[in-house]
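Next, two complexes with subunit A in common: one pairs it with subunit B, the other with subunit C.
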Partner chain A sequence: MESLSETLWDVVIEGTGLRQSLLALALSRSDKKILHVDQHDYYGSAEAAFGLQEADEWVGNVAADSLTLPFRNASLWKAGVYGDERLSFSRAYALSLSPQIVYSTSQLLAQLVSSKVYKQLEFQAVGTWWIYDSSAIDASPSLRRIPNGREDIFEDKSIDLRAKRSLMKFLKFVVDYQSSPETWEPHATSSLPDFLSTQFKLPPHLQTVIIALALSLETPDNTTVSYSLPRIARHLTSIGVLGPGFGAVLPKWGGGAEIAQVACRAGAVGGGVYVLGTGVKDASTDADGSSDVTLSNGEVVKTKLLLRDVSSGVPSDAVIAVSRIIAVVSTSLLPLFESTIEGAPLSAVSVVVFPPNTLSTSDTANTHPIYIMAHSNETGECPGGQSVLYATTLYSSNRKALLKIAIDSLLLSTQNAADAVLYSLHYEQTAPSFGIANPLDLAFDDRMLEDVKCDWKKVVGEVDAKFMRFEDWAGMNNEQVDGDCDY
Partner chain B sequence: MADSTPKPSSSVKLVLLGEAAVGKSSLVLRFVNNDFQENKEPTIGAAFLTQKCNLPTRTIKFEIWDTAGQERFASLAPMYYRNAQSALVVYDLTKPTSLIKAKHWVAELQRQASPGIVIALVGNKLDLTNEAGASNSLGDDAESDAADGEDVDGDARKVSTAEAQSYAEEEGLLFFETSAKLGTNVTEVFTAIANAIPETSLKGIRGPGAAAAPARTEDPSRVNLTGPRDSASKEGCAC
Partner chain C sequence: MASHNVPRPAIIEVKTEQSRLREQNQIDEYRALVDLIDVKITEHQYTLQVLELTSKLLSKNPEYYTVWNARRRLLTCGLFPKLSASSSPLTASQSTSQIGTTTTSSADVSSSITNSSTESKEILDNFDSQTHRKNGTTLELIKSDLGFIFPLMIQYPKCYWIWNYRLWLLKEGNARLETHIARDLWMHELALVGKMLVRDSRNFHGWGYRRNVVAELESPKLNGFSMAEAEFEYTTKMIKANLSNFSAWHRRSKLIPKLLNERKADDATRHDFLNSEFELITEAIYTDAYPYAQSVWFYYQFLMSTLIEPTGSSAINPNCTLQDRIVYLSKQLISLKDMLDGAEDCKWIYDALLEYTLVLCRMREREATPEERQDCLLWLSELRKLDPLRNGRWGDFRLAGSG
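Let's look at the complex of A and B:
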């Protein structure tokens, strides 16, 4: 094994989560000497995606409390052994620990394009949104489609004319909310439902729809106007940007995990050295400002800069947490993914929102919204005829039971039996409450790119370099070389 | 295109595997550019290269993925193996440990890659043996010298043809001994792979000019980030 200690590194990057991987990508043409390590033997850190066997191992590690922050309390249930007629073999699955959709207007997509790595990724549409409605007294609970743009609203016969006018007025305001601060700034810290009802006279059932679009993990009463408006605007202005009928995308084969792998490969192509299964154990700063970094394999390396993975060392008293269930189900859930918009691609991901108080156990109802991101087998995360449900809610009492009920309710309201669940992985994920970008957000948080840029500047200095803007590698395109091999 | 009846063309992803410094990149450089660099630095700077291979009835366009050094500390990502229809597992026939490593990579491919993947085992650096330049390295006399060890008549071979060949047969691999330096057997390896890829696994859109990546077509959910331009630029490279 070659030695890492002979090199004076410009930077040692710890962790291969999305943030660190994007940094590696940003530095991939910098000619800096980069050592990129991860204590885990897989790429992606908190954004990793697992086959079933890897997930088994991971659950064991979380139980043993070994190197698995920000995760805790993992447990799993499965209907049978891997590779039998129900669950397929381990690698037929890619279960994503931190599933996030990416809005079409996100700078992440722009940067993946300008850095050229998008060519190694496949993006799929997140186009259908549903809201779980248990309010009808004379009917069983059902999923209602969330209107996908103005035409949809006009055609929605369930909305009366007056409500429609109010809704259109609000939509017109929100897509350009920054131009009319007088409308919302006095109410910036008010709750969103209050604002919608007092300022726009929206009836409660339409408020629920608008609130759903904010993808807030908090209760509506704790969801502020200043938090929600940019998120609702992002949702609405993203629709149609990359094609008709959808406003968000997801990379195939495991979402952020796939971006992390592709970004790290770009780092390696640029000369970065990759060592998995090796973490940073200790670091001390020398007189000259460089660091001696002791790796978990005992090797000591010298670097001008060390960037630690902060997510793996979160103090337990300053965190927010979500509870998640990843469920593999034995149904394609096809109706969920079909769009009503002409020319729209088939959705690979559908978002189902369960507003507060729509689900209940024997003694409690859900105080917080529950979100299920349904991933079809088109995502490559499961075999044909199955789908993966990612259920998330803010950490609260009875959260695990409520997440299960949400999954069962989704199956029942799509005419599937609750025994369609083949596999269920439950865990909790924490995040520092002081960070800029929120890793628990259900949609990719663009502020992470600011963090990446900030780290990038620490490495390259305040030079005039262009962030994430690269040409294709020189000499690689040999289309013009007519070096056919003969038979 | 000069052909009166254009042949169907398909893209095939090929991944390189093998211990560091066995000549993975050199083989590709010889195949793609018909070039060789002595004392080449470890691989930097190419995410993948493309090269066409004309067969009598079809054209195979290889998308050749280099490890970018990520094999050195066992840090290759699953995406590297994804949708690979063929693999070149390279060892250095003057270095027995590199064959052991090659066997490890074959096992890894059987674990990680698509079931029908075509794997070629390649013993490189034939120029360091005294059969250098032989047009067919698989002749009988290659075996007898090998067991004798090094430095006989300047022969640095340490892995006999027979040993590697019988392993390859057991595992159902294509087998070649090559010299990237002299160009011996290099084109033959790629042509053999191209021939071995079953027609049924070529999912690319048939017909000339169709830019189709392997197993990526007809995806009803696929979204294009850059608009129609993308399909043209996909012909080139990616990084």
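Let's look at the complex of A and C:
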């Protein structure tokens, strides 16, 4: 068997994160010689999913500061020993670093179908959206459903008739906002709350609901119209596309981590060579344009093109950062996942939005929104009777405490005690603020696919091949594609 | 074809020589099949094999109604056991709540919708009476036919011939099977049409079929009883799922008289019922913006018509006095004017205001006051702007209104 240095590679890809894995998938039928390496000894890189044991190790690595950008300040707390009566054994969990939801209208789904790997993925419904309401003076805070559309608004007794009409006016405008540039373009850089109140006369509590749909990490005042309209439109136009009652999906077994796994598998089937536990130490360019790449195990390989992992080694002043907690709780949170829509499936993921100033510690309130993605055990990420909560907010020094309060508040408002938390992993993650696709986005950003396509073109050159469009491998079962999701 | 947001993956077909030849083969096969069936039917070969041939053809082309007719003949003249003058009631029970699909369907949907399992087909060997065996065979044939049709219905939910044939099949069941067996088949159909309407709540074929199924279940010859309450509740559910569902609103309007009669509603109850329906539809009207949905306005017009012509067949409150109705209509006009504030682009409101103001004048047996005349002219001019396609109609109004 040839050693790695005896081959002239067409491309060496560094890292098996989501973007690089999708590239491997795109190249899997291309007859190019691909060497795909990852410094970690697991697939997925910054988008990986861990069992409890692996999470322990990861936390240790981040703390030791050994090449673990974009992560920092990881710490963890657990209620007991793995495998005792509270926490199950390590491999019963798949805690994901990439729980991004994928909207039904995302190009990613279409590409996973046309590249035929969708059959190896199980998509679950993200159908129930909630907003945390602590405004009632005489009542305890509660979770209120975010209306999915006209019929939910019709049923909502808390909205008065005129407000319903204003809300409908806005919804009808936003799902086709490109056709009415005169309504929004003059206000493109205004804040979304201002736009909603001046142009659509929406009262503050309805503004909060609309703003929640944009899933912005920024404060509402810092969320612009041009940023949020496409996102709100995407949310509303995705509902019902893959089935009644939901507009987004999440792959089972760890979201982005599972997509990366499946994509790398496709890369390997297509002839790519995979080496884990091996990173790129150094690279130099030859006179003929090819690169000599020194791997962390000392081997030197020659390649026509080296694609480095851009997420590591980013200058610290040009980043955005989030604070995250992954918490395992000992309750199934069933009411959170139930839909009111006829024929809708049980959600596996619920989105809970905590608008600014709805939570407070003893000395501060949350200036920024906090999002909790609740995953039921249907996601395969934890055993039955438990759930995984992914809490995210924009980074700032007090955010860890606020995230914890958010989790406790969620448990309280669903009739659970705060001691239902069995495990809590906190960390911070950064991303370049100049990048095109934002990996910290709570929903998959389709612009990542443009990046992948760009890289793909660099490798294959000008060919007549179609990006992410393959036939089934010969001899495989060519079943009728109907595009439905297995939910 | 974009079907109510169900995505169809784009398959770009490039007509290569290879695919053209393949298509030619398919055409030849199809033609041969048509000819073969034609021959067999002409020769009165009403056998299971020919039934299979028709199945094959209809799977490719369910619109070929002649072949559906041939299939009917196959069953009634050949495969169904002869109908006897009287059939004795069975004492033994057969499990009829499941429909065994003898044709497996590749659509995941069908297996999730039907509570069927291929394991539980009737075991008829134990019964030796002629009637049992006859019922068994007929039931088997009907069930296997229903199973054959089901995936076709999913694929072609708007093909008249499929719905008609299914209905015919079940009615044959009425004539040939024991009452409780036939009834079970209809109950299953109700569940099935419910699921079809979840898939596409505005498929009028589905709604028409539902009417038929409910009528059968209510009929005395199937030991039926009225289902008005349940059906009314169903329309409420479907409206809440989609406010723009003409069929749901229409069905609701048709059920109301029967419903109120069954509830033995007195005048006060009927008055309250009308109130709550107006509240419901007003809420629906407000939960809308340009371009406004027609269906809610049609229902509004229906409710108003029961006030204007209270003793019609759609009566809600037939004993309502003229005075009461005048009061009610006036209240609605105020509500409509209120509605206009914030919805000046809604032609329906102007139209309603115009029409009902004139109706009120008629009911009061007097001409329009100058103020009312002025309002009407204003509303007419708005209508001309908002709905120019109907300028002929607005022109007619002008002549009549100024009289």
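The criterion applied here is as follows: the second predicted complex is superposed on the first by the 472 of 487 C-alpha atoms of A that agree within 3 Å, B and C clash if a C-alpha of one lies under 4 Å from a C-alpha of the other, contacts with A are read in each partner's own complex, and residues count from 1 in each chain.
What we mean here is this: contacts are C-beta pairs under 8 Å (C-beta built on N, C-alpha and C of every residue); 3 or more make two chains touch, one makes a residue touch a chain.
This structure is a prediction, so every number in the text was calculated from the model and none was measured.
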item	value
First, second, both or neither for A:K169, with subunit B first and subunit C second	second
Which superposed partner A:L242 touches (first subunit B, second subunit C, both, neither)	both
Which superposed partner A:S376 touches (first subunit B, second subunit C, both, neither)	first
Partner chain(s) touched by A:V113 [first = subunit B, second = subunit C, both, neither]	both
First, second, both or neither for A:E85, with subunit B first and subunit C second	neither
Most subunit A residues touched (candidates subunit B, subunit C)	B
Which superposed partner A:D138 touches (first subunit B, second subunit C, both, neither)	neither
Partner chain(s) touched by A:L276 [first = subunit B, second = subunit C, both, neither]	first
Touched partner set for A:I153, first subunit B, second subunit C, both or neither	second
Intersection of subunit A interface sets (partners subunit B, subunit C)	113, 242, 479, 481, 483-484, 486
Complex contact set, residues of subunit A against subunit C	110, 113-114, 150-151, 153-155, 161-162, 164-166, 168-169, 171-172, 240-242, 244, 341-343, 479-484, 486
Partner subunit A, residues of subunit B touching it in the complex	20, 31-34, 44-56, 66, 68-70, 72-75, 77-80, 82, 112, 187, 190-191, 194-195, 216, 219-226, 233-239
Subunit A to subunit B touching residues, read off their complex	1-2, 41, 43, 91, 109, 112-113, 116-120, 122-125, 242-243, 246, 249, 253, 258, 261-262, 264-266, 268-271, 273-278, 345-348, 376, 378-379, 470, 472-473, 475-479, 481, 483-487
Subunit C residues within the subunit A interface of the complex	5, 7-9, 106-109, 195, 198-199, 237-238, 240-243, 282-284, 286-291, 342-343
